[in-house]
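The following pair of complexes shares a single chain, subunit A, combined with subunit B in the former and subunit C in the latter.
This part shows the complex of A and B:
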């Protein structure tokens, strides 16, 4: 019985939190047992709060020497039986890619929160959204990933809790693609009295890297639990033995790593529809930018324009069915992004309507007024 | 209060703009309002141009940043000059400290001088409480949050070494505001 309902650690009710506060409290609520990280704007406040909160609840906090060490020690903690998390921003996210690939291959559940800012490189410490493709294609090997796109402080809380459950359910790293805009924002968060958590599947004796079905997620033993355990990121069979020159073993393993995500897109990928019933034009947006888009939509609706919003709550796996279906009944999709065009390429793969980019990468958020102008240029 | 009010506090980093914004947000939260807050970060908050945005509302807030300020509180000339255009015209209210800001006489917004730093220097013996005096005077004039909620926020949210000073500054600013009227 992997789902478990537990009481909230925080007092239920309203709290006035920053996105960083909400990230920490989500980790506490999800019973995260281990955090390792290295400070970087805009997630340094996460480390500051965790350094206080984790000892209070009996969890471990370590400030590592860098982001490579951070993600690698989280993999170790995960294999030692803990739920593990790290946070970073663009430059650190790049350093973590090798570790993320390792976690995918060894099927180590883990949560990586990326507070995106305006890159490339150290760029600006201000807002941006330049890592969304990196969350899918940044690691070598090109395996499917799970990445969420919160748009509010409330969703930094709810979404990060969900990220822990997805990580355990699918035995994979889950990325929370936050933005400086939501990390530093303060908003009201409603904390529910109870939290539903997916707990790690245990089945002593069963192979930790093999499943009966081609999309199966094997149970996960941990070190110190009495089982003989081999963990390698090289090609391995169901029991963890290295089979690096065996094509069949590699094919079987990577097909399952692929299928365990891609055959469950409908359970993982979430979208939210706003004003789409009669829409002729729709924004397809994610993260903070989706809030600008919704504000723009409501303003445009007041002047009678049939505009709506499809919000991608999950970026990866990409909700292509929902985007594709919508494109069949509208004229134009506008894809606003705080980068020079990333998710629009994935939208283009499935959209059967006109596509219009709206891109801005200057360390400021996209305000509703500029989206209103773009939408008006379409409708005019 | 109408459905939603946008407040922009601005000044030089170090004048306490970020603290004032976070205390206003905390007061609004304690009063049961919907509220969002967003502040300058990094070097801006340490001597550069600095702003703190607070949106208060009776209903859930869609877009959490200031798009057109109903109220601006300016503590320095460069900040005033930069953000006057962010303030609704002609209905926006502008509070400024005449010790540091010479207002634009041609601006359409309604402007009011709050002698916060002079009052702080005279009564508290330091300019340090000027940010809280400005905030409290603004609350006194606009009633955007209750003075009780603001006092509680100041007591709970001030750094301990400034708590006593800031508590006195709230009372000073509130009294000052009672005698201020927009032209």
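This part shows the complex of A and C:
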């Protein structure tokens, strides 16, 4: 059975963790066997804790020479049978894009955590949210991806564990689009006594790059298992043979890579509703900004204003049905973002109500007060 | 020397090399070494980058093969080896892939002394893209991007990886079969980072641009560039762009 219930490595109960701590403990809980990374603010703390924790649990840790080497070695480790993870921030995330595209093309499960800072380029090491479109469109070629948007330290723990299972289930890199503020935030995390994990389906002998259905996820044997695997990120057939000049093979492969994500949006994409039952105005927010949006909603409710929050727990695949349905029963959606307008474009594709941006890209988080002002300008 | 190397070829694969390409000889020597050693091929992993050299293991060798991004074969191999230390991990790739775009990974893998073997098929140019200059092109050689001749000194890759900490480095021409097979055997047998440079003529791209009118002339050209370690006056200096010293350069 692909799902396996295992005991928590950590003592069950309440732990006081930073987002960085929770990321590491989630990797341990998910039985991640390999981590490679490179120091970069604001995610260096992850590297430092892993350097201590991974040897304790018998997992491999290496600080590589750069982020390119980090992500590439994770793909090698993934094909060698390990669950693999790397953690970085903006500039490193840019360097990893080619590796992420290789993992998509070779269908290598992998978790990439991006503790976003304010770009472009080296920009600031303070908080930012400017990599969310990059998580979908950063690679050349363009393929659907899975990207989560945690808003709390608890979700850095639960969400990162889920990221490992999504990666194995769909044989794809999964990105955890955290923000510097969440990495450095300290909160109580409730650790459950047991963890449910999706384990790789090996199925020896079957073609590792072909499936019976057009949205299928093939089994994934590993190196050293006698399968004589032929793994390439060039256009390949079901057995891995390069067919780089064959239109049919490329069309079949890329269609399946597309469909295996996009025909399973309802299983992957998650949202969370707050005060939406009678709302006339709604924030559509994600990540750390959704915390401020919820605080703003609760304050506005106290003054009797019918405001709610739709929190995007998953950015990619985009939960368009939920956003579209909500837009039919409210007047205005406010999309606050720590960038100059990224997810609002995707919201605009499906929203059938008024849209209002609230954008801030200066290395600081969006405070509830400014969101309250924006909401009042709509309601007034 | 065993004649059984063909049994390691992946069924149904037509060797992809141009007529006269030295890479075909290197493939034979590599598989001969593996056969000589009695290796369990199912516990071996062959990792390659992008370019003609990357096609030596993928798809030719009937074993686990990982065809990587350009320049990144070494970190892919490092990850696989660390995740499954039982895998005998061999990188086979070209000079442009390993030393130009991937040079930083190469020296760091040597410095950290990972237990992998890197075999560099050095054809002195970017063959797959039609013949452009790279970090191993001899001074004066003509390529599509050095129409008036290359002016930059080439890397001495064996000296580079030795300085970075490689346990073993060796360089031979692909025409030096017994020596190259022996070097590959020793490299795979060594615990730690080992490096073998196989100087491999490229008649189609490099040869054509340098007026080497046939396969024989392309091989004569690289033979004239090389000198055996014993015959080389000390200190050996291949950095004048004319001499490639062949032999074994184990770290003492």
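In this section, the second predicted complex is superposed on the first by the 380 of 380 C-alpha atoms of A that agree within 3 Å, B and C clash if a C-alpha of one lies under 4 Å from a C-alpha of the other, contacts with A are read in each partner's own complex, and residues count from 1 in each chain.
We take it that a residue touches a chain if its C-beta (ideal position, glycine included) is under 8 Å from a C-beta of that chain, and two chains touch if they have at least 3 such contacts.
Since this is a predicted model, take the numbers as computed values, not measurements.
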For A:200, using the defined touch cut-off, is the partner it touches subunit B, subunit C, both, or neither? Pick first, second, both or neither. neither
For A:264, select first, second, both or neither according to whether it touches subunit B, subunit C, the two together, or no partner. neither
Which partner chains sit in contact with A:292 here, subunit B, subunit C, both or neither? Use first/second/both/neither. first
Touched partner set for A:369, first subunit B, second subunit C, both or neither: first
Going by the contact rule set out at the top, does A:313 touch subunit B (first), subunit C (second), both, or neither? neither
Which subunit A residues come up in both lists, the one for subunit B and the one for subunit C? none
Would you tell me which residues of subunit A are touching subunit B in their complex? 14, 16, 41-42, 125-126, 152, 180, 184-188, 291-292, 294-295, 298, 365, 367-369
Report the residues of subunit C in contact with subunit A in the complex, numbered from low to high. 10, 42-43, 45, 47, 58-59, 62-69, 72, 74-84, 86-87, 104-105, 108
Interface with subunit A, subunit B side, in the complex: residues 22, 25-26, 29, 34-39, 41-42, 61-65, 67
List the residues on subunit A that touch subunit C in their complex, please. 33-34, 36, 60, 62, 64-66, 68-70, 72-82, 84, 98-99, 102, 222-234, 240-242
